[in-house]
Structures are given as structure tokens and as C-alpha cells.
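We call the chains A, B, C and D, going by the order they appear; numbering starts again at 1 in every chain.
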Amino acid sequence: MHWRRLTANRLSFAALCALLVVVAAALLAPWVAPYDPDETDAAAALSSVSLHHPLGTDLYGRDQLSRLVHAARVDLLVALSATAVALGLGSTLGALAGYRGGWVDQLLMRAVDAVMAFPAFILAMGVTAALGNSTANVVAAIAITHVPIYTRLIRGEMLKVREMEYAEAARTVGNRPRQIVLVHLLPNCMPPLVVQATLAMGFAILTVAALSFIGLGIQPPQSEWGQMTAEGAGYVVSGEWWLVLFPGLAIMATVLAFNLIGDTLRDVLDPRMRGVR
Amino acid sequence: MGFGGYVVRRLLLVVPTLIGVTIISFALTHLLPGNPALVKAGPLATPEVVQEIERSMGLDRPLPVQYWRYVSGLLHGDLGESASTGRPVLEDFRQRIPATLELTLASLLVAVGIGVPLGVLSAVHRDSVLDHVSRVLGVGGVAMPSFWTGLLLLYVFFYLLGVAPPPLGRLAADVTPPPRLTGLTVLDAALAGHGGALLSALHHLMLPALTLGFAVMAPLTRMVRATMLEILESDYVKAAWAAGLPRRRVVYGDALRNALIPVITVLGVIFGFLMAGNVVVEMVYAWPGLGHYAVTALVTKDPGPIQSFVLFVAVMYVFVNLAVDLLYGLADPRIRLR
Amino acid sequence: MTALLSVRDLSVQFVTDDGVVEALDTVSFDVRAGEILGVVGESGSGKSVTALAMLRLIRPPGHIVGGAVRFDGVDLLTVSEEQMRAVRGRSISMVFQSPRTALNPVLTVGRQIARLFALHQRASAPEAWRRALEMLVLVGIADPERRARQYAHQLSGGMCQRVMIAMALATAPRLLIADEPTTGLDVSIAAQVLELLRDLGRRTGAAIVLITHDLAVVAEVCDRVTVMHAGQLVEMADVRTLFARPLHPYTQALVRSIPRIDQDVTLEPIPGTVPSMLAPPPGCRYADRCPRVLDVCRRARPALLGAGPEHEVACYAVEQDVGVTVR
Amino acid sequence: MSIDRRSFLKLSAGAAALGTVGFRPVRGAAQDKRTIVVAWDTDIDTLDPAQFKAIGGYVTIANCYDPPIAWKVQPIKDKPGFALSRPAEWDGAIAESWVTERDGATIVLKVRKGVKFPSGRPVTAQAIKYCFDRGLQSPGYMRLLFPSLIGVKSSDQFEVRDEDTFAMRMERPNPMAMDIIALSNNAMMDPDEVKLHATQADPWAAEWLKRNIAGIGPYRLVKNEPGVEIVLEVTNGYWRAEPYFQKVVLKFVPNEADRVLLLKRKAIDMVVGRPGLSPKNVKSLEGEQGLKIFNVPDTTCHYLAMNGKRAPFNDVKVRQAINYAIPIQAIMPSVLFGYGTQMKSPLPHLTPGYSGNLSPYKYDIEKARQLMKEAGVKTPIPVKLAVRVGYVTHEQASVWLQRELEKIGFKVEIVKETDATFRQVAIKGDHELSIESWQSWVNDPWYHLNFLMHSRSKFTNASFYENPVLDKIIDESLAETNPERRLGSARVAQKILIDDAVWGFLWYDSWTRVMKTDITGIEKRWDTFERYYAAKRT
């Protein structure tokens, strides 16, 4: 029933298709891309959109379409792994805090407050600068800023669920704490988690783009949308509009898709909202 | 326990967070590769000179000692020195905070001025064209990297149409700045009655505030829409309507008043987005605020400004959230008169 | 005796993602001046929808798809919103089920009453405040000056309900609709509220439509009763007749399920649950649960026919054994 | 407070309108002609003449302090309104004239009559001595240059002969001496003014001089708001005629795209700084109506430093292979867009003694592979190529290099480092490959090679090249006064360095400034810092 609801709304259906296209492009990059993304060609440098190069070429004569497709892989990988790390770490911490309570809860919550005290991007900026901007560090930087969101979310759900009788009943039947958490509590926390993760994916891609703009993005030759947009932005003034337009659109479409799907998922999965439908 | 107790408790809670924040900001800059002493000494300095500077900066002492030196320095307003401007960081902050504050407030005004009505109207006219457009617009706003929107707006309004001013800071070159009272040029100009300066300040604020405001509008619009939807279904709205109050007064009076209260909470989150967006928007519009100052410090690995900027943002964020909680308490009688 | 308000073939539908919910199916009844009419049925039988429809408070995705609500000779379903506003809260007003959530949390109780006087009777602010305090006294709230300046969360459930009643009766309406006014309250407070309603009804001459699922409340307070099942009106009679000689199988089942102190009767729960009104089958919606179901019951909807003085019922089985007269 | 819908909409519409109202554009027309507005992306970090500093500091000093002697500039034939320094040509500044004794080992300066410091005190020989002493003793650049380059080790080599005669005694005659004296670091300060602010811990008032100017020059610093702008105004009572521009406004514009937009809209007169505009943007502004480009070759060398101390770069065959793999034919057009000259020798092509025909290297991937095979190095060789953040041309060149080096067996990772980190890692010798750049203020082959190729120059010999034969040639030639011998041995040194492939040859960039057509009188001196004294608006 959720599936139908998800596709019923025209907007979220379009978003779903957009996302599928991006994911497909990322997975099948080598076969979809017409050229080798790193193939330089001085003669074809900075040539505009043409049949030969549907999205034009950059300063080194590299085909933008191929780079865009390969970059999709990097961006999705970064977003996915950052969210996965944040989700994993955040949930375990949240579950621990929620379930254990007492000083463990207090300690974790104060740490979370401290990290949450920094606007996400500012912290990511600091961490990337400190650790250097290799791909792994960028993922770590984004993950760190997202951990608190999941920790609080899971802790909140955990406290709510723990109070419910059935958790009590499960405990009396003799299930071990970890077993209770996995079997009984986590499935219940699934809806908000999925919604939050989807929205976070979009946010992660934006953060990488912003980091690239201030020079802390992912290292060349790894092409990444944010970096391509940041570099392309400089060429708008000198007339090469295609260098910034297409990567910018790619970011916007993907982040838009993640946000819209996140929104619809929230409507679909969150019972409270369903009534209002 | 009353409202006073609530305030005191919230204040006490802030202390551990602030300590955590100083630890994180200290750790961050300590991890920075590159030796700040060398930056100070310059490329051709001999190793002895570098050591001498390291000792004077206390970089050779154990970490806890350095942390304590750093914190006690903070309490005395010693935020270290900036390598790029050669001035104490505190002086740079005092010069630049008003610029960032003015941009942040203007963007907040834009976000609230456009975001709230959009949220309300799309709730009232649920699933109408307006509802879908505002949703896509809001989500689109968040989805577009702000440097992209910034450059786009600049390219169109400044370069093509010539309607917007050149990205040269906060005032036109030929306008004498008003006497500096608050540091917020718009306010100072208004207070000093400088018509020309006020117009120029607003004109320069136009694009940056739009870019930043637009980027943070989505969470606000979505929150207002969700709350408004919920309230429109509530019993007291039905009761007010049943009691004969005109539909419009019910929606834009009773319902809206109640919907605006939770909006206050989202302002805390939005402040975070604004501080983050500041960095990028200031770069694009050459806005002499803290954002750009921090990025230059990051690029030149200058610990003083980075530590202070990250700390400043965190402290502001903590106090803004505190202010938001208190404001929320004041606005909602259910909390005020526990 | 002309009816104060007469509802004819009122039908309401809700358009949802999963299909059309037929919440009301051609409901007809009259409300006479000064009487207390009970509307009873299990939850989800459309009682509240009827109340809201009478005041035209149905909002999308709900729509009033048919019928008429005649008041003072005028069909309220066709008048303009302005005219409707002159009726709501002045001639017909409503009291809701959960008192605390039906009061605006950010306005003081006093102001919420006072503004009705300002709205409906152009009273000045001090005049409106004074009359609000009067109403608080009328509904039995002590120390009105202090209470008026307080907010809903500072009052008890019972007191909130009294404030609601004060608001409803502020402009001396001729009809008061009370949607489950006592459900949220504990027994002793509920009794006081019902007593207050009946007393104010008698004093102001206002007719009261009391919506409840509690037959005991109906027996004690109402003059006449209509029984609703799954959006259909199945039986209507004065209260004594209904309890003495219930004709419709559903009403009989309802009456049998009342715990009696004077007799030891075995309680029989009504089989099955209230059917979903999502694209319901034609005919009588009690068919699946009715012991006396006939083929015709499933095909067509039984009309509401007279089965005695002050007694109407919509049931083919009853038609056969009692020979009802067509009104 | 319940507001009905119409007023509510008005309120919100009002707020929105505030944001997008189309004010009458406040054009720059109101700017008066005698003010020049330029844009760059640097702040003043320090104004102490002796210290190393950012471009912002150097340019401000160059316009606010007069040195004893300045580089003479000659108008350029085919570029009306522009002027350029020629090797070994100087003008008098604070010193009216100069003579040499002991055939060049001593330089005597005659102080110009009637020149006064802003405080009104006259400029005397004692003042000149104080400034040179300060340069020699306070921590900074001159403390290194005086002893290592022209053999001035103690302050008593600076003599005050009388009120207005100052002499500098060197151990041996040195052709670089005059250029050293002309450096903007030797800014003439008012000693009494400086002593006012000296303290026990800071004898040379370094702290005060960081933010203040104590000398005499065509302009004085009236406003320094980091991140906003620097404003210079003309000094009254200057010993030369008043400059055309009464006011110089140096606007801080961090984003290069903005600087291009400002030029296109003529909102500013010129873009300056290092590099101010990347070649790509300069190219896109060619032929732009209302703008003109002043482009003249410069002596800044951009090269691929190969760390001779680390395998496999200690093998000359590998270094030669890399030189054959450099895609210079692609880099020149698509990175420099013609605003630069291909590098054919470690010496800049404008430096006396340059020989451009010694280098055999050109793009020949097969020869490169052949050399790599001869070197017998096991491939793939993982290597890091370090590049500095903000050096647009270096970042772009590194991508081209990466592509080609991977064809001859390297696995290249491009590492972007900030200035500070880059310099620190380089000095520690941890760079394998890095794109370096160097600008010799003194346009002399041996000044250049001493810093870049001599084994003792730990900090600036980026390839850690150690060749005792070359060291000896440099040491001998540093003080060589006979021009033929001096330039002859330069050819020998270049031959050694080219055959040893110490550098991966890239390019010498050119000094380019884009400005409005009505700006003229722009001069380019050896230190590349703009002096606005001679600039005019026609």
C-alpha cells in the first residue's frame, strides 16, 4: 500500500524516477559514459554543447557528460557512506543512551549537545580542514555532523517504546536486552529513521558541494558534482555557461529527489500525518 | 517551579555544552596540519626563529596546559592573532560581526517574510497549485547550492540587468558610511537619518539576503505548513468556526496565532543554516563578514581565527537556541504558567 | 407542531485516497422547539458528522452531497456563508466532546466568551466582558473574575465544559448541539453537566440535540431519541417507547446491552463491528449483523415508516410483522 | 492580535517587496575622476618593511615609502602609456645621486636636499643608516639578504660621512648591490618616529610598524579595513610633483568571478594582486569594449620540482623522462592562453645570461617511456604531486601532468595544500613532485641560481639539488664583476642544470593587468608591485 501511495503523488513519482536515473548512471558509469572521463584533449578544450560532446567539454577538453556520470558514483558513494556511518553510529549511541539511561544517557546527551552546538557545515568545514580533504575525511566530516540527529531520534523512539507495555512483557519473558532492542524496538524506530536518512542524503551532497566551493572538497582527478559546479561557477563570467549549469542541475535534481521522497515517506510512514491526508 | 526556575535550569544546562564546544574547537585547530609558528615566521625563516616563535606561542607545552592557556585566554578576550590581517582576532571579530549579523538578520527577515505566508497559504489551500509550487520552491531552495544561486542572481541582476549593485561590500563606493552606532549599516543609517546611506545599504543587502534567505526558507515553510494543517483540524478551530466567527478570522487569527508558536523553535535550526550559509554567500558577494574571514583562516591554516570562529558560531548557536526556548515559553501560556 | 429544525435526506461523503466514504446516507429527522433530542449509536456511526453538517462545518475532503436542513423555513445548505455566519453561534450553537482541546489555548477563557458578545451583538469590550462574567456565573463557575483571566490548561475538564456551554448559550440560541459533552468527564461531573444542560434548556427554551453513545444518558435526559447505525437512521421514537418497545433489531440489541441494576440480565455484545462506510453495499447496513435479515434488506434501503405514535423505524422485517403506516 | 487576511497579505508582500525592489542603480558615476579603484583578494598582514608579507603589505609599502634608490622605468615602444624596468637602470629617490668607490665595493649615496618626513624632520644620512641597521638586525628578509648576497655582515659597514652622505662598504664589488638597495624592504623610515614606539622587548618597534607607516612616500595610508578595503591618499608636502590620483582605493573582492564581473560593468578601474585574474579570464576579457590589457613578459618561473633526495627522482634518466612527458604544447594554450612563455632554462628568459637553445626537451612520450625503461624503475610508481590552493594555473597544469605521467608508469595523486603547509612540507623535504614558483626581485643570474640551485639554500632549493661543481661556479660568479666572464659562466651553469634535468620545465608567466581604457601610466618594476604615482586617467 505504501508503494502505491509513494507513486500516487505526481511530484514524488517524478522524484523517484530522477533518483533511479542517477543511481543507474552511477552504477553503470563506465558503460554509459561516451568517453573516458579523464581523457584530456587540448584541441577540444572548452568547447560548447555539441553532438560530439552533448554537455560540452571543460578546460582540459574532458567530456563533461562522462565526468558527470562518473561523478554521480562519487557523490552517491559519499552521501551513502556518510549516512550509513552516521546512521550506524548514531543509532547504537542512541539505543545505548535510551536503553541504559542513567549517567550513560547524560554523558552521551551532553556530547551530542556539544556536537549539535555547531551548525553542521561549520563543523564539517573544521573537520575537513583538520584531517585534510581526502574522500574518506569528507565522509567522516559529514558523518560526524549527522550522528547527533540519529542519536537523538533513536533515543527518543527508544524511550517512548521502552515505556510501552510490550517491551515490559518481552523483558519478563526473559529476552536478553540486545535481543529486545533488535527484535522489538528497532523495527518500530524504522519509519522516522528512513525519513531522516533520505533527507540526510540530500544534505550530504550539498555539504560536499559547499566544501568544494571553499576549496576543501574532494581531491582531483576524482570528479565530483560539487567540485565541478564550484569550478564551473568561475567560468560563467567568461561565457562557458555549460560548465556550471549541468553539474548544478545534477545536484539540484538529486537533492530535490531525496527531499521530495523524504517528505512523501514522512507522510506515508508517519501514522500521525496519515490522518491529516 | 515557575518560569524563573525554568530559565535558571536551562542556563545551567548550557555550561557543560559550552565546555564541550571549547574542547571540540581546541581539538579541531590542534589537528590542523601545518605549524602555525612557521606561518608567523614566514617562508625564509631559519629553524631557530621558528622554534623561538613556537615557544612564545606555547606550542611545545603538553596539551592540557595548552587547552587551559587557550580557555583562560578566551576569558580575557585573547582570541589569538590573525596571520592574514596581523591584528588580534578580537579586533577583527569586532569589525566583522556586525556585517555577518546584518546579513543573517536580513536573510531571516526574507525567510520569515516569504516563508511563513507561503507555509500558511499552502496549508489553507491544501493540495492546490500554490501548495505544490511552494513545496517544490521550498525544497528547491534547499536543494540548490547557495553559491550557485548567489552567482546566478549576481550574473542576472548585476551583470545583465544592472539592477543590483556591484559585489563590493556593504555600501556604494561613493557613499559616506553613517556614524557607527550598532555596526549594522542599515540601522545606523536609519538612526542617523542618512537617506542615501540607508538606500545604498539596503540595495547592497538585497541579493545576499535573498540568496541566503531563500536557502533557509524550506524548513520554515514546511514547519509552518505542517503545524497549520494540524491546527486547522483541531477542535478549537472547529469550535470557533461553529461559534460563528468568520472563516478568515478563524484561520488567520486563532489558527495562525497558535501555528506561529512552534515556528519559534525552528528559528533555532534556521539560525544554524544561516551561519553555515553565511560562509559561502559572503565569499560570493565579498561581504566583509566572519564567514569569509574564517575561510581565509582555514585555507592559510591560521589557528587563531578558526578556533575563535568555530567557537563564536557554537556559542551564538547555543544562546540562540536558549533564547528560542525562552521565547517559546513566553509565547505559549501553557508553559509560561505551568 | 412545526419543527424548529428539520433535516431531510441529508447525505455526506468523504473523498479519501482509498475511495469514497459514505458517512451519512439520506438521514431525515426533526428537532422540535424546547425538546431534548438524543442521537445515539456506536462510535463511527456518523453522529458527529450529522452535527457538523447541520451547521455546515464539513470541510474538504468531506462534502455534503444531498438533502436539506430547514431552519426558520430556510434551507441552511443553500444560504451564503454570510447568512450562515448569522446562524452559527447565534441561533444554533455547539458544544464539543473534549472541552480542554475545544478552547483556544492562547486566549483567556473570559476573552473567548466576551468576543462572541462583541461579534453577534456589537457589544462594547467592557460590556462584553461583564456579560461573559454573567455567563460564567450562570453555568455555575465560582470566582468568575479570576477564572475569566485564566487559560484552558489551568481549568479542570468539568470547568472547561461549563465554559464551552457558557460560550454556546452566550447569545441565547434556539438550538444547542452537544456532541458527546460528557464523554471526557468522570461520572459525577458528567451528571452535573447534563443537569446544567437540561436546566438551561428548560430556562431558555432552547432545543438541545444531545449526541452520545451512552444509552443511560439518553434514558435519563432525552425526550425523544434517534438511533444511528453506519450513517443510516434506523429508528426514532420518544424515549419511553424506544426503551419499552424497541422495534429495529439494532435498537433491540442496543437496549439489551444496557447493564440493568434491577434485573440480572446476561449482557449480549452486538455481533460483528460497525461496517466500513467505504463504498458500502446497497440496502440496510445492519444486514450483516442482523438476526432477522431478509434478501430485500441487502438489495434496497428500507424507508423510515411510522410504526406507532411518535415511533418510526426503517426495517423490512419490522414492516412485515407490525404493518407500519406510511407517514 | 488577530489580523485578517488582507492586511496579513499586505504585511508579507511588503516584506518580500523590500527584498526585490529595483532601486535606481547607484552607478559609479558619482566616483570622481581623480580616484582610482582597484580590486584584489589580499589583506595587509604587516607593514614592517623588513618582514615577509602578503602582496597587500608589499604594495602598500611600495606606495607609501620611498627607498633610497628606485628602479628606473622606460616607456615601451608598442604600448603607449605603459612603462617597464630595464636591467641595471636606476633613478634617485630619497638619495639624489650615488657614486661608487673601491671600483664598486663601496656605494655612496647623496641625500636629496629638502626632503622631509611627515613629522617635518629632514631626511638625513643618519636616518638612512638607521634603516639599513634595522634591516640587518631585526628578524626579517634583509637580515638574510645583506650577508648572503652582498657580504654586508655588520652595521659598521653602513657609514654616515656627513649630514647628507651615506656609504655602504662591501667586502668586494658586487653587481647586485644597487638592486638590493632598490628593494622596497629598504623603506626609508623616520628614526625618531620609530624610536618613539620601540620598547625593551621590541627594540626595533616591530609591533608598531606592523600597523603604521613612519616614512615619506607619494601616498599615505588613511584606511586599512581588512576584508573591506585599503585607502591611500596623496601626501601633502611630498618632494616630487603631486600624483594625478589623489586617492587610491584597493577593494577586497575574494571571488575571481566577481572581479571579472566588476571589470565588465566598469564598476572598478583595474584588477591587481597575484595573479588577480587567471589567464583564462584575461583571455575572455580581450576585446571587451571599454577595457584594455597590459601584458608584458615577467621573470616569475613556474617549474615542476623533483625531489633529488627521494627515489626515483635521484635518477637523472627519470627526471629527463619526466621532462619529455610534460605536455607543454597543451599547457601553454589551455592553461596560460598565451599569457606566458615556455620555459627552456632554469634562468628566466629576461635575465642577462639566459640561453634558450640548450634545452633538448619537448613533448615526446615515446622517448619518455624509453628513458623510463633505461632507468629500470619498477612501475607503477605511486607519487604525490603537491600543488598550492589558490594557484589556479598550477592546479590546472597538475591535471595535465597527471594524465601524461600516468602514461609513463607513475600513479599520480594530486595533493592540494595551503601556502603554509606547502612551504613547511617542502622545507622538511617531504614533497616528491611539486609545482613551485619563484620570482627573483634582483634580475641577476647568480642571485637567481644562488637561491634556487646552491646546495646551501635549504629553503629555496626545492629540488634539493647538490652539485659541488655548480656550487663552486655560483660562489665564484656571485662577486664576478667582469661582464663577459659573468655571463659566460652562466651559460655553463645552465648547461649543467639542463642536462641534469633538475627541474621539469613549465613556463615563465607574464605580468598582465586588465583595466579601463582611460587608465594609463601603469609601470611594471622588477618586484612586480604597482606604484600608482605615475598612473593617470585620460
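Keep this in mind: a residue touches a chain if its C-beta (ideal position, glycine included) is under 8 Å from a C-beta of that chain, and two chains touch if they have at least 3 such contacts.
Predicted model, so just to flag it, every value in this text is computed and none were measured.
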- Message: Based on mean C-alpha positions, which chain is nearest the centroid of every protein C-alpha shown?
- Response: B
- Of B-C and A-B, the pair joined by more C-beta contact pairs is A-B
- Message: Among all chains, whose Cα centre is located farthest from the one for chain D?
- Response: C
- CA centroid of chain B to CA centroid of chain C, Å: 53
- Query: How many angstrom between the C-alpha centroids of chain B and chain A?
  - Reply: 23
- Note on the structure: Expressed in whole Å, how far the mean CA point of chain C lies from that of chain D is 89
- Multi-partner residues in chain A (2 or more other chains touched) are 215, 233, 236-237
- Multi-chain contacts in chain D, i.e. residues touching at least two other chains, fall at 257, 261, 264, 389-390
- Message: Taking the touch rule as given, give the residues of chain A at its contact with chain B in the complex, in rising order.
- Response: 11, 110-111, 113-115, 117-123, 125-127, 129-132, 202, 206, 209-210, 213-216, 226, 229-230, 233, 236-237, 244, 248, 251-253, 255-256, 259-260, 263, 273, 275-276
- In the complex, the residues of chain B that touch chain D are 33-36, 38-39, 42-45, 49, 82-87, 92, 95-96, 109-110, 112-114, 116-117, 151, 154-155, 158-159, 162-169, 172-175, 199-200, 202-203, 206, 209-210, 213, 248-249, 251-254, 256-257, 283-286, 288, 292-293, 296, 299-302
- Message: Residue numbers of chain A touching chain D in their complex, please.
- Response: 38, 40, 42, 45-46, 59-61, 133, 215, 219-221, 233-239
- Task: Using the touch rule from the top, collect the residues of chain C that touch chain B in their complex.
- Result: 52, 55, 57, 60, 81, 85-90, 93-94, 96-98, 101-107, 115-116, 119-120, 151, 153-154, 164, 167-168
- Over in the complex, which chain D residues touch chain A? Could you list them? 256-257, 260-261, 264, 278, 280-281, 283-285, 327, 329-330, 333-335, 389-390, 395-396, 398-400, 402-403, 413-416
